[in-house]
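As written, the chains take the letters A, B and C, and residue 1 is the first residue of each chain.
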Amino acid sequence: MNRRWLTFLLFFAMIPAVAVGGALIFRERHYAWISLCVAVLTCLPIVYDFEQRETGSAELMVLSVLTSLSVAGRFLFAWLPGFKPVTAITVITAIWLGAEPGFIVGSLTALLSNFYFGQGPWTPFQMFSWGLIGGLAGLLARPLRKHKVLLCLYGVFAGVFYSLIMDLWSTFWMGEGFSLARYLTYATAAIPTTIEYAVSNVIFLLALTGPIGDKLDRIRVKYGLFRETENEDPAD
Amino acid sequence: MVVRPRRHPLVPLTLLLSVLLIAMFAQTPALTLFAFIGATLYLATAARSVLTMRSVIGYLILWVLVAVTNPLFSTGGATPIVFIGGRPYTREALLYGIHLGGMLISVLLWFRCETFLVAEENRFFLFGRIAPKSALLISSVLRFVPLLRRRAEAMRGAQTAVGVYDDPDWLHRTRSTMTTWSALTTWSLEHAIDAGAAMKARGYGLPGRTTYRTCHFTKTDAVCLTAILALDAVTIAALATGRLDISYYPEIITARAGLLGRCGIAAFAVLTLLPFFSFLKEDLRWCYYRSKM
Amino acid sequence: MLLSVENVTFRYPKAASDALRGVFLSVSDGQWAVLCGLSGCGKSTLLRLIKRELAPFGQMSGLILFDGKTACKTALSKGSGNRPLPDSGSQDAASEENDTVLSDRDAATGIGIVLQDPESQIVTDEVWHELAFGLENLGLPSDTIRRRVAEMASFFGIESWYHRKTYELSGGQKQLLNLASALVMNPRLLLLDEPTAQLDPIAATEFRNVLTRINRDLGVTILMAEHRLEDVLPLADRIFLMDSGSIASAGTPAEVAQYLYAHSHPMAEALPAATRVYFAITGRSAGSGETTPAGDTAMPFTVRDGRALLTKHARESDIFRKPRSEGAPISGEIALEARDLRFRYAKQSPDVLSGATISLHAGEHYCLLGGNGSGKTTLLSLLAGLTKPYAGSIRLFNRKMTSFGPGELYRNNLALLPQQPRDVFVEKTIREDLQNAFRRMENEPAMQQLCERLRITDILDSHPYDVSGGELQKAALAKVLASRPKVLLLDEPTKGIDVRGKHELAGLLDELREEGLAVLSVTHDAEWAAEHADRCGLLFDGEVISEGLPGTFFADNAFYTTAANRMARGIIDGAITVGDVIDSCCRTCDDTAEVSL
């Protein structure tokens, strides 16, 4: 346990150290550098913790399948750009299986789907934002599962959050330094997309939470998976 | 068939990472230029399929877009070309935009090089050493995705034939896709259980799991790696001491590069051209062997 | 004894009855044992209990010993869950138990398992990694892994696809990979759960050949669950017959075959053609009730031995060489007609179909046969209107298929039963799914009646994944029939279905055909086609060639035909089913013959 905390501390000391060090070398582009460091380095402790934890084979495969579904979802709905089930699956995973699986599914989806849709400097940012959406949903699991309204609100929030982070990326990478005017311009230009994200998140959450939740419950009962999370949730 | 250098994956990955990081964050046009040239030469010789007309045009549009829009937001320059809405559209900001666009393009091109520099099966090799569980997860996702796409196709067919996709209306179509998707979810979760059982049956979960290494780190690899790191060190030293600094506003001022600065640029040039040279070497060697056959 | 199962009883949670009842079974080192029985008799449950990592949830009593050590503990409610087996008691107890309880490591390496679905057992995305996976779990060093993987790859001849992606492989290759990945762990016992059920005949034969080598050359003990005995009976040393959860008979193949025949067990129809003919010939002279048939020849299991038996029989008594009585071809209204269909997946790729022409009459059952990759499934999806040909025309009741509007084609006209019946289900229970389908087709009143007719009323409240393959297929049939189709297309309807299921399906199709339904099955199953088709065709090189009545179709084929036909060729011309052969043999000896086999 102590070792675990020590590692965490190390990570948290590392983020500013690497960021500042890089900023000193890369001067003018320090915004881009620091943001990249934050995006990459927040993923590290979570991956580390995941590695240290015991995960049963079936649990691992369930995570794998959920990630694949969310990657495949980007293909299946390719005819409707912007309309993707990624956020919904990440959130559902997080609500049912916990914050860490949620983060892992979200960020892995970003990393792996980009092997099909194109890798670029945006990958760490997508990993970061989808991961965070999942992680946060995991922490809010109880209320999100209880109230449909909150779930929808979270869907809207996730859409906006994702969009704002990606606008931040555009600001840092397609321009110099940080200019609020530029950021606002990008964010304004992205309003239609943001609305689409938010709407599609709500639709997918409403449509998928029930079915996927039922199915996760079904395999949990039938095969006794994820039993450590069982006492946390009263049957509802 | 793409000829891949037969190096330990650590070598191309280090090369890739250092070129990407320096190209992304260095502020020097000379470095950006070399990053661009290196990637283009490599792609044009080793992976012609990437540089299709469409992708080249796409890259050019992105470049122009970044270059042209930059002065709209940055008014720092001292030499206005034109005034737009009372705000100066300056030469310096435009030049900076051109540099920025070039940087973005070369970074994207280097991302494309990755596919050819690192064999697919080695892509997560290092990851497998550091984070074996995540690597296993990734490996199984990479298997599942094509499988799910095929299953989705079959299920869409089955659902169509029972009249689910009856209506071409988009709302109906979305609902139908959701139906297919839901069936796919059931199938895949069930499949996950079976796959998990198969893993357990083959001893997954026993203590002391190892990772099978397919690659050996040879002496040549060590030499290559040291060379790459040394080149990195020179360039970073030049960057850190400010020899390669350039300041655009209010007027473009470049720092005196000096010997270190020039060495830094040369080192980076060698670094970016390494993939191209190694491809040429392999190509020539092969031609040579074939001529003797 | 390498494996002994002693008085094992098992019950699934919430189940009304025991899945296994006092099972005794033992397999000695180096044997090839087959566990046979109809679907749902408990074969898979038993195999999964023996391989304890796969042991299902539930209550078990009895003892399973592997190599003299307890492989699965008595009265342990344990699942494939997370806890390791030797329940951590005190340290002393643990060390005391060490000698008698199989360790996790020995359980993983000692017993290998290959299941029915080739797809679901693969873990990683590359062939080499899949082979190395088990050895990685054992914690072996890379050099050892390299050597053992190399050995296994060359033993199985998979060097040529060693660097391929696992998802690019064919079904047969996937199953071979599963076998190789199990074998690379050096198991002493190999468990196989209907390993060839999802493979085409050629891949299945190849798989069995490899198994033979593993058994003969490497001395690995095999315990295989199977409901089709045609091909495994000649290979097996010992057969266990399971019947509703207990072992009904055990012994040599001849002994168990004798038992099946004497008790008129449904599995008797799954016996090899030669054996069934043998019983028909010798059984009658011995009279009923006796346990051993009179006859000086050994019981034949293969086509070769069957031919010898028939030749001998023909020499001794005159065989009635009657041509198969075949009715006139059905010449009703043409329901579905496709002319000169051409199809390819991409502009540059070769034609999958190059001028396929086929017609289907109302009330007819047409069986389309063809090798793997001959384009059978593609043709079916063209005929179902799911994909479009780039040339050629399809007419449904003399009306162009393209002229059917949305929502018209799949109502009252055409239905498709896919290869995986579960693909049509989306809801939590079969009932909900059927209700939705019948409501969509405005055919709700017919549901109850159809379910009764298909005998699926008692599974309506189950989850589609919790019922057996045969039951699910019937439920899927109910769902596709909701639209009152006039043409029914079936993709590999007999895949993974046991004898009883096959008969039931054929019976149902016959009933529906009486009412004018036209049925087109695409299948590998020559036996089934010979028995139940009105007309057969062979798809080869993108075209339908050699179309004809089953009698002529199979009699003209030398390889792509039934075992009975291969056995009787040149002795009884025109006999294509076991029934035909028995018929003509027995006409000679006794005219009152009413043979039920």
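List of remarks:
Note that in this section contacts are C-beta pairs under 8 Å (C-beta built on N, C-alpha and C of every residue); 3 or more make two chains touch, one makes a residue touch a chain.
Because the structure is predicted, anything quoted here is derived from the model rather than measured.
More C-beta pairs in contact connect the chains of B-C than those of the other pair, out of B-C and A-C. Nearest to the global CA centroid, when each chain is reduced to the mean of its CA atoms, is chain C. With centres taken as mean Cα positions, subunit B sits 21 Å from subunit A. Computed from the mean C-alpha positions, the centre of subunit B lies at a distance of 47 Å from the centre of subunit C. As a whole-number value, the distance joining the C-alpha centres of subunit A and subunit C reads 43 Å.
Contact of a single residue of subunit B with at least two other chains is seen at positions 136, 140, 142, 147, 180, 182, 186, 190-191, 195-197, 199-200, 204-205. Contact with two or more other chains is made by residues 80 of subunit C.
Along subunit A, residues 56, 58, 218, 223, 225 each make contact with two or more other chains. Of all residues in subunit C, only 57, 79-82, 428, 463 touch subunit A in the complex they form. Across the interface of their complex, subunit C is touched by residues 121, 136, 139-140, 142-143, 146-147, 154-155, 157-164, 166-168, 179-180, 182-183, 186-187, 190-191, 194-214 of subunit B.
Remark: subunit C residues 51, 53-54, 80, 104-105, 108-109, 112-113, 115, 117, 119-126, 128-129, 132-142, 145-146, 149, 163, 165-167, 178, 181-182, 185, 381, 384, 386, 406-407, 410-411, 414-416, 418-420, 422-426, 437, 440-441, 464-465, 479-480, 482-483 touch subunit B in the complex.
Interface residues of subunit A, counted against subunit C in their complex, comprise 54, 56, 58, 214, 218, 222-225, 227.
Every residue of subunit B that touches subunit A in the complex is listed here, in rising order: 24-27, 66, 69-70, 73-74, 96, 100, 104, 107-108, 111, 114, 131-134, 136-138, 140-142, 144-145, 147-149, 152, 174, 177-178, 180-182, 184-186, 188-193, 195-197, 199-200, 204-205, 236, 239-240, 242, 245, 247-248.
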